[in-house]
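There are two complexes below, and they share chain A, which is joined by chain B in the first and by chain C in the second.
On to the complex of A and B.
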C-alpha cells in the first residue's frame, strides 16, 4: 500500500506542475494573500508580531483557492473514463484516495512556502513572535488539510471540474461562516451546552484559538476529524459508484 | 485425478452471474468456465451485456448475485489478488492524454508493483511486440486511434497477465495493424486466457477458439466458431449470429 499511494501522489503532483495549473494557482494565492494582508488586513497599522493580518483571512482565501486544486482530482477521472483503468488495478481504494488527497495538501504547502519571506522579513525588521507565527502556520496547514479532504470528496460526486469547483466553493464558504448557535437555540439546550456545542462545530472558533497561539487538542482533533471523515466518505462514494 | 486436473485448469469460473441496473437486467444468470490456452470471443448485439460482463470479470462492477472466481480465488473476497492476474483494456477512455506512452507504461507498472529488471524486460517486450517504439515519448493525446489502442493493450500486458480481457481491441486499427495484433494475441494466448469482446466476425474466425454469444444479458450459445457456422451451413458466421440473436428476440 505504501508504494501505491506514493505512485498516485507522484502522478497527481507531476500533473499539477507539468501543466499551467500549479503556477496559476500559486500566483493567484500569493497575489490574493499579500493584497489582503497589506491592504485589507492592515499589516502596518496592527501589532503584527504574530503575522495576524496574514493568518486572519486565510480560511476565506483558501475557500476560493483549494477548490481549484481539488476540482479535477476525481471528476476528471470520471469525465475521461480513466476511473475504470484506475479501479481495475490491484490497488486498495484507500491508497488512491490518500494519494490524491496528499498531493492536493502538498500543493497547499507549496503555497504557504511562498509566504515565508514575510515571516523572515518580519524577523529582520521587527520583533516577531515566532511561536505564535508557527502556531499560525499549523492552523493554516490544518485548515488546508480539511478543505482539501472536503474538496476531494466533492470532486468524487461530480463529473465536471467546473461544477466541482463551484460546489466546493459554496460548501467551503458555508463552512467558514457557519454559526450553529441559532440552530442549537431551537433545540432548547441549556445556554452552556448550546455555547459549547456551537463553538465545537465552528471552524472560526478553532482557527482563532490556533492563530492566537492558544492551540489545544480539541482544535487539532476538530480538523483531523474532518479530514478522516471526508476521506472515509470519499472512499465510500467511489466504492458506491463502482457498484 | 483427471477430473481434479480439469478443475484446476478452469481458470475463470462465472457462476449464476447477474447484474441489474435498477430494473434493467444487464447480465442474467450467466454461467461459464474458461481454461488456460483458450481465446474466447464475447459476441452479441449492442446492449447484449458484453461490456457489463467484462466489468464483472475485472472487478470494476460488483454482481447483483452470483460469483466470479479466478484461479480458484473469489473475485469479491480476494479482489486485489485476482486483479494482479488480469490485464484489461476497456472500450474507451482509459489513457491519460497528458502522459507520454513511456510514462503511462511506467505508471501502470508502478501501480502493479513491477520494477527493476522485470519492468525493463516487460517494457521492451510490449514496446517491440506492439510496435510502439516510434511514439514512445509522444504524448498520448497526439497519437492516432490505432496507437492509442495499442498503448492501452501494452499497459494491460506490462505485468504479463495470465488473463487478458479486451473490449473491441482492433477498433481503429488499419488492416496491417489488425493482422499483426491478431497474430501477437494468438501467440500470447497459447498458454494464457484471452477474452475479447467484438462485433467483427472476421476477428472471431481469425482468433477465437470459442464463442460466447450473449443477447439481452443471457448466454444464448457457448460454442466454437466452426460449430456456430455449421448451425446454418448454407450461410456464414455473420448470418448465424443474426439468426440466433433474432430468434431469441
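On to the complex of A and C.
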C-alpha cells in the first residue's frame, strides 16, 4: 500500500508543478500572507517574539488558498473522465485518497516554507521565541491538514473545480468563524459545560492555544480527528461512486 | 420536482447532518477528556506554573469557590481580552485539577439587566463599555472560602497577564488560611498610605501605622517597615532597638537622597538620618553623602524615552545583581533603584550573619549626593569618582543583636515599671532587611500606572518588581514561605515591539553624535545663562560687541537645536526605511528567490527526465 499511495502522491505533486498552478498558488499565498502580517497583523507594532502577526490570520488565508489546491483533485478527474480509469486500477481506494490528500498537504508545506526567511530574519535582528514559533508552525500545518482533508472531501462531491472551490471556501470560512456558544446557550447547559463544548468545537480556540505555545492533546486530537473523519468520508463517497 | 430526486436530496441532507453530529460528538467527547494535557511550547516557559503556586493549589484544605464573571461577547469586542479569558479558564481548570476538586470554579455571563449582572455589580466587579457603548461588559472574579472570607479581582487587565498566576495564588493562599500577622508602618516622608505598595501590603496583611514618637513597638506586630527615617526621636530609636532585641523583623529603607520626598516637599531640607548610629551598632554603615552610580546598569529617567540620557544613579538590577537566600526562591525579573546609597559592613556583630542581597557590577562609581540633588545628568557623568568597585545596595541581617543602648531610657523614673524590661541582647533571633534607597518603594520607581486614587492592586502595571520584592520579604518574615516563593516570570514592559527594536538599533548607531550635540547644547545654555547673569548684574556694559556675542550664542543654539531635530528626523526616517526594507525582503525578494530556485530545479529535473526518455526511445 505504501508504494501505491506514493505513486499517487508523486503523480499529483508533479501535476501541481508541471503547470502554472503551483507557482501561482505559492506566489499568491506568500504575498497575501506577508501583506496581512505587515499591514493588518501589526508586525511592527506588536511584540512578535512568537511571530503572532503571521500566525494569527493563517486560518482565514488558508481558507482562501487551500480550496485552490484541492478543487481539482477529484472534480477534475470526474470532469475529464479519468476517475473511472483511476478507480479501475488495482490500487486500494484508501491509497488514492491518501496520496491525493498528502500531495495537497505537501503543497501547503511548500507554502509555509516560503515564510521561513521571516523566522530566520527575526532571529538575526530581533528577539525571537523559537519554541513558540515552532509551535505556531505546528498549528498551521495541522490547520492546513484539516483544511486539505475537508477540501478533498468537498472536491469528491463536485464535478466542476469552480463549484468545488466556492463550496470549499464557504465551508472552510464557516469552519474558521463558527462559534456555537449561542447554540449551546439555547440548550440551557451550565455555563462551564456551555463554554467547554463551544470551545472544544471551535477551531479558533484550538488554533490560538497552539500559536500561543500551549499545545495540548485536545488541540492535536481535534485537528487529527477532522483529518481522519474527512478522509474516511472521502473514501466512502468515492466507494459509493465506484459502486 | 421529481419525487425520487426530492427524496435523494432529503436523504443527502440527513446524511450530512448525521455526519456533522457524528463529527461534533466524537470530537467533543474525545477532546473534552484530554483537555488537561498541555505542553508549554515557549522558551520563556510562560504557561508553566511555578512550584510555589502548584504547592498552594495542591495543599488546599478548605473548599474554595471561584466565580468568574466574563461576558460572552468579550472576544467580539476586545479579542485580546478573549484570549486572556481563554488563558484564565485554562488556569482555573488546572487549579481545579491540582486541588483534586477542593477548589471549584464556575462561570457566569453577566448579561445586561439579569441577576448575574446585579450580582457582579454588588461584588464590585468593574463594568466597562462594549465597543458600541450599548451595554456593559464584565471580566472579573470572586473567590470565596469558608468562614465567609471573600476576595474579588474587579477586572483582569491584559497588561497584568504576567501576574495572573501570582494574584490568584496569593488569594487562594489567604483563603486557605495563610498566617496574616499585623505589619507596622512608620514613615518619615509624609503620608504614604496611598502608595501602591502600601495598598499591596494592605490587600494581604492588616496594617498598623505606628507613631514615630512612640517609645515602644507592640510585640504583636510581626514586621515593621520604616521608610526614610529623618529627624528620628530617641524614643523611637530605643523602641526599634528593643523590638529587635525581642526577635522582631524590620525592613528599613534608608536613603542618601529621597527623591520621592524631595518631589513632594521641594522646599523642605532633608535632615540627617539619626537611625544610622543604630545601624552602625548592628555592624552596617552607609555614607549619607555618597550616592552609587553604575553606567552598566543605568537607565533613562523615563524608561520608554530612548533619546533621554541614561541617569547613572537610576539602576536596573537583574538576576546577576541579586544573591537571594535559598528560602527567597528564584531572582526577580528586575528591581529598580533611584539614587541609592552604598552599604558596608563595619565592626560586624559576632552573632549576626550579613548577606548582601542586591549589589552593583564591579564597575560602579560614586557621586557626591549634592551633585545628584542639584545637577544635570551630564554633570553627574563629569563628577563620577575615579575608583570603580562593587557596592552593596541591600543587606539581610539575621541573628542575635547587641543593643545600642546600655540601659533603659526610662531607668530610674516612675515609668520604668510600665515598660517591658530592658534587653541588652536579642532573646530571639531577629531579622533585618536594609535597602539603601527609600525610593525603592515609591510609586514612580516601579509602577507604570503611577498614582491613581481609585486604582486597586490589580490595576498596577509594574516596570520593576520592587513592591513584589518587599511583599515577598514580609511573607518570609511572617512565616508564609509558600507566598514568599511566588514570583512573576517576566515584566510586560520588557517586551519591545519590532518598531521599537528597530528604532533602538538605529538610535544606538547615532547615539554618540546625538549625545555630543546634546552636550554642546547644554554647555551653550550654561554659557548663555552666565552671560545673561553678567548682563543682569551689569558686570558688563551692553555694547555692539556684546550684542554680536549674544546673537552668535543664539544662532549657535538654534543651529544645534536644528541639528538635533534633523538627527531625530533622520533616525525616524531610517527606521521607516528599515521597516520598508523588511517588508520588501520578506514579501517579495526572499520568497521569489526561493520560488525561482525551485522552478529552476523542477525544470532541470524535467529536462533531464525528457532527455532520459528520449535516450531510451532512441536506444
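In this section, the second predicted complex is superposed on the first by the 243 of 243 C-alpha atoms of A that agree within 3 Å, B and C clash if a C-alpha of one lies under 4 Å from a C-alpha of the other, contacts with A are read in each partner's own complex, and residues count from 1 in each chain.
Heads up, the rule we're going with is that a residue touches a chain if its C-beta (ideal position, glycine included) is under 8 Å from a C-beta of that chain, and two chains touch if they have at least 3 such contacts.
Every value quoted in this text rests on a predicted model; they were computed, and no experiment measured them.
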Taking chain A as the common reference, can chain B and chain C both be placed on it without clashing, or not? Answer clash or fit. fit
Following superposition on chain A: angle at chain A, chain B versus chain C, Cα, nearest 10°: 170
Quick one: is A:91 in contact with chain B, with chain C, with both, or with neither? Answer first, second, both or neither. first
Regarding the shared-chain residue A:123, is it in contact with chain B (first), chain C (second), both, or neither? neither
Now for A:233: first (chain B), second (chain C), both, or neither, which partner does it touch? second
Can A:49 be said to touch chain B (first), chain C (second), both, or neither? second
Would you sort A:7 into first (chain B), second (chain C), both or neither based on which partner it touches? first
Looking at chain A, which partner touches more of its residues: chain C or chain B? C
After superposing the two complexes, find the smallest distance in angstrom between C-alpha atoms of chain B and C-alpha atoms of chain C. 7
Which chain A residues contact chain B in one complex and chain C in the other? 18
Which stretch or stretches of chain C touch chain A in the complex? 19, 22-24, 26-28, 30-32, 34-44, 46-47, 72, 83, 86-87, 89-90, 105-109, 495-499, 501-502, 505, 579, 582-583, 585-588, 590-592, 594-595, 598-599, 602, 606
Contacting residues of chain B [partner chain A, same complex]: 55, 58-62, 79-81, 83-84, 86, 88, 90, 92-98, 107-108, 110-113, 155
Provide the residue numbers of chain A that touch chain B in the complex, in ascending order. 3-4, 7-8, 11, 15, 18-19, 80-82, 84-85, 87-92, 242-243
Chain C-facing residues of chain A, complex: 17-18, 23, 26-27, 30-31, 34-35, 38, 43-50, 110, 113-115, 117-118, 121, 125-127, 129-132, 134-135, 138, 181, 185, 190-192, 195-197, 199-201, 205-206, 208-210, 212-219, 221-222, 225-226, 229, 233
